[in-house]
Amino acid sequence: MRGPRVAVLGAGIVGAACARELARAGLPVTVLERGGPAAATTAHGEGNVLVSDKGPGPELALARLSLALWPRILDEIAERRPETARAVEWDPKGGIVVAATDEGARELERFAAGQRAAGVTAEPLDASGLADAEPHLTRDVAAAVHYPQDAQVQPAAAAAALLADALDAGAELRTRCEVLGPVTRSGRLAAVRTSQGTVEADAFVNAAGPWSGGLAARLGAPVDVRPRRGEVLVTAPLPPTVFHKVYDADYVGAVGSDAEDLRASAVVEATRAGTVLIGSSRRRVGFDDRLRPEVLSVIAAKALRLFPCLDGVPVMRAYGGFRPYVPDHLPIIGPDPRLPGLWHATGHEGAGIGLAPGTARLLADLLLGRTPPLDPAPFRADRPAALGDPSPTGGAA
Amino acid sequence: MSADARRHVVVVGAGPAGLAAASAALRAGARVTLLDAAERPGGQYHRTPPEEFAAAHPERLHRGWRTFDRVRRHVLTHPRCAWWPESAVWALERPDPGEERPPRVHVVRGPADGAGRRRHVLDPDALVLAPGAHDRVLPFPGWDLPGVYTAGAAQALAKGERLVVGDQVVIAGSGPFLLPVAESLLEAGSRVVEVLEANPAGTVLRGWGRRPWELASYTGKLAELAEYAALLARHRVPYRCGRAVVEARGDGRVEEVVTARLRPDWSVVPGSERTVPVDAVCVSHGFTPQLELPVAAGCALRRPDPASPAEAFVEVDGDQRTTSPGVYAAGEITGIAGAPAARTEGLIAGWAAGGGAPDAPELVPLRRRRDRDRAFAERLAAAHPVGAAWHGWLRPDTVVCRCEGTAYGALRRAAGEPAGSSARAVKLTTRAGLGPCQARVCGPTVARLLAAGGTPEAAAAEGLPSATPHHRPLAQPVRLGELARRPHTEQEREH
Amino acid sequence: MSPRLVPAEDDPIGRRRAAPLRITVDGEPLTGVAGQTIAGVLLAAGRRAWRRGPSGAPRGVFCGIGVCFDCVVTVNGERDVRACRRRARDGDVVATQSREAGR
């Protein structure tokens, strides 16, 4: 193998996607993972591959690229490892967004029109269309939009499949390998010290999700990625009741909000196993992983407004995780001009599963000097929001 | 506002440990709320028939009935005690770091798994956790056939409902608990074909017989063992060491079991298989403590055997205090030692939780007894270990996770794939432990199999607790509607 | 033989003959006695299995104390009730459940 040696720091979905893209391009790749693969944020998400929640802009462009790449990647993996690809449970089930109030309906229709102009399929549903699509959904709905492009994967299996394909292409995986600090030579990141010795490379990709802010700081080039807590309820397995990813239009507002306190909106969808996943909350509480019954209560009440028939359904599990959050809600993808040798692929908040393939493509193109399929500028590592600059213009305060 | 300014102790679990804790906390002057998911106190050990049966002599099915009955009366009739039957603790909410108070206790009250239960929130000054343990059953081919029961199920049905599970029964597994189960079945008129202890006689005798000079202090326990031996002899029930049920067979229900001789590491001796016709088989390979509440409360665990990290107990000090402020633990969650030990621990925990004087003279003999019981627990663990080669009797298609139907072969394949080899990823991709029982049954087995195969549990990191099979933030299922409704707080209840 | 109740008249605990109760299971009437759990009524009526797991495998009582969730049934319209923990009431309408795909 030739080309720059790359060390990917983190074996979640984004690290796995980057490792695969780079290894398949023929680069020597080592993945360093603090714990085990796909064990943190990746294992605690719903597996969203969504366009419905994104308005026109760079994130939507990245989402559309990723949406096109996901099935292609899975087809490629299926040729080599059919079982591994099947386990990903790719399900283009589609999303349905509903608004409860007339005002919400107007807002949703405006939002969908903007998405359509940007190339997203967003089909308004009338009452009977909605009842056909989701027979158990409340009839008390002011407007509904169907997004047939929305899909779902089993996230841990998806990361495992990407990583397995990377390993098949020659990448190396080191688990329980924690990055402790940098080794710089003439201002360049030349190696990292780890719990398993020093690892040299020409490029280091920070793909540590919510921990990437801390990791970048340790390497000497801090980025403003913070944890944003989310909780999900899992019901006992049910006969088929929910057929799409169904959420209330508040979700888009909650994703885009900067509130520290609780933002909750109903997101309801079924899994292949028959369980129903009910989200979601957004709280900025650092890495506080305590269960908050009142948060679960709020999520439950909102979900019941959409699906009153779930009232008697037992919730058998609740879990929480941390999303990697950047204040301007855009991921950080590309080289860090402050520390040559350091690259970032992080900050995807709740969209990392969906955005992983596009992120990996963008990163690999930049690293290999190829022309990326979309403008990488909005994701720059040295933009003010990524550097933690509080002023809106990014100028010195 | 609370009219009663006394210290409020919440005790979770009304088995031998919880009842004793409640009674000691009352003696110490505290106000007590005693909770249990069951309708009647007693736990698994003192499971009693329903009131409708109007049993004139319930004591005939119980050891230690008089003590139980006395403590039960003291606690249940005490003016400072609120007894909450049919009350499930579904969450413990830890306070902010640095706040020296126990977690808030979230309860649903009403018939088991009912849809209209009421939510309550308790804010105690001290919390005693005494949730007990349940049978650990290692999988074997056919263990999911109807007619295969845990030993605890056979006992619960016999004691609690006067129902015998079969008339041609093999009892198998490991540990002294197999004996009272045999007693229950014989007493109820069923035929016990044989009792199989998987450990060879050498292991059992060495474990029981170590430090023989201490044995004198266990006269009660030894007398109990002698009674069981006499009972088995009277009914001509063979007790065989070094033999196990390695397969159950039948068409839609168990019709026969295959037993085999085991080496000390529980590997099967080839050619030693025997087929035994049965209509029920009762299995127990020891006990799994119910650790979801102590884990949710943030209590540190101790792992006595580094080779099997899933086996853990709550770490306690001399007063049964856990590492979590205001939280005490008593009974099987601190170590499997049986009902008398649980009672002693409960007395110590309840006294301390209730604010009793730490130098009270009656604590001295209690502590001594507790320490002796702990030594007994170690003796038990040494006499009835799970052999490292037990999984030799599994086949690739043997179900490991009963809920999701995950087979041993699928688990092995997933764990052997480096890209998905973290314990969490294996669980998520095979669904082992993700079903309705939430890994209560297969969790420790899966952890053991993964550890034996070299898959480490994920290291804990900030915001990422280690993937213990006991991590169940929702300790019991709650219906979505129940969750959505506002809870009753303690103050409202008292108005 | 199947699971059975110890006859009240032979029971050393001196049991009173308890009041009978009737429940229906998937429409079929079953008789039990007051105080039994729903699992107890089913077992004593000769039913060893009443649920199907994801593969279609039959499930009944395994742990008997509410830990394994093998025995869950729908009681009076409430899904996923542990039959081993729910006391049977006269007139209870019990429906069995299945995890098999498409059911």
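Read from first to last, the chains carry the letters A, B and C; within each, the first residue is number 1.
Rule of thumb we're sticking to: contacts are C-beta pairs under 8 Å (C-beta built on N, C-alpha and C of every residue); 3 or more make two chains touch, one makes a residue touch a chain.
In this text the structure is predicted, and so the values were computed from the model without any measurement.
Geometrically, the chain at the heart of the complex, using CA-atom means, is B.
The interface with the greater number of C-beta contacts, when A-C is set against A-B, is A-B. We define each chain's centre as the mean of its Cα atoms; on that basis chain B and chain C are separated by 23 Å.
If each chain is reduced to the centroid of its CA atoms, chain A and chain C end up 45 Å from each other.
Averaged Cα coordinates give chain A a centre that lies 40 Å from the centre of chain B. In chain B, 113, 115, 404, 435-436, 477 are the positions where the chain touches two or more neighbouring chains simultaneously.
Contacts with at least two other chains are made by residues 54, 78, 80 of chain C. Residues of chain A in contact with two or more other chains: 236-237, 273, 312-314. Taken together, the chain C residues at the contact with chain B in this complex read 1-6, 8, 10-16, 18-19, 33-37, 40, 43-44, 48-49, 53-55, 57-70, 72, 78, 80-82, 84-87. Touching chain B in their complex are the following residues of chain A: 16, 34-40, 43, 84, 87, 154-157, 159-164, 166-167, 173, 175-176, 210-211, 227, 233, 235-237, 273, 278, 286-293, 296-297, 300-301, 303-304, 310-320, 322.
Considering their complex, residues 54, 77-80, 99, 103 of chain C touch chain A. Within the complex, the chain B residues that touch chain A are 91, 93-94, 106, 113, 115, 296, 404, 417-425, 428-429, 431, 434-436, 438, 455-456, 458-459, 461-465, 467, 472-474, 477-481, 483-487. Every residue of chain A that touches chain C in the complex is listed here, in rising order: 236-239, 273-274, 312-314.
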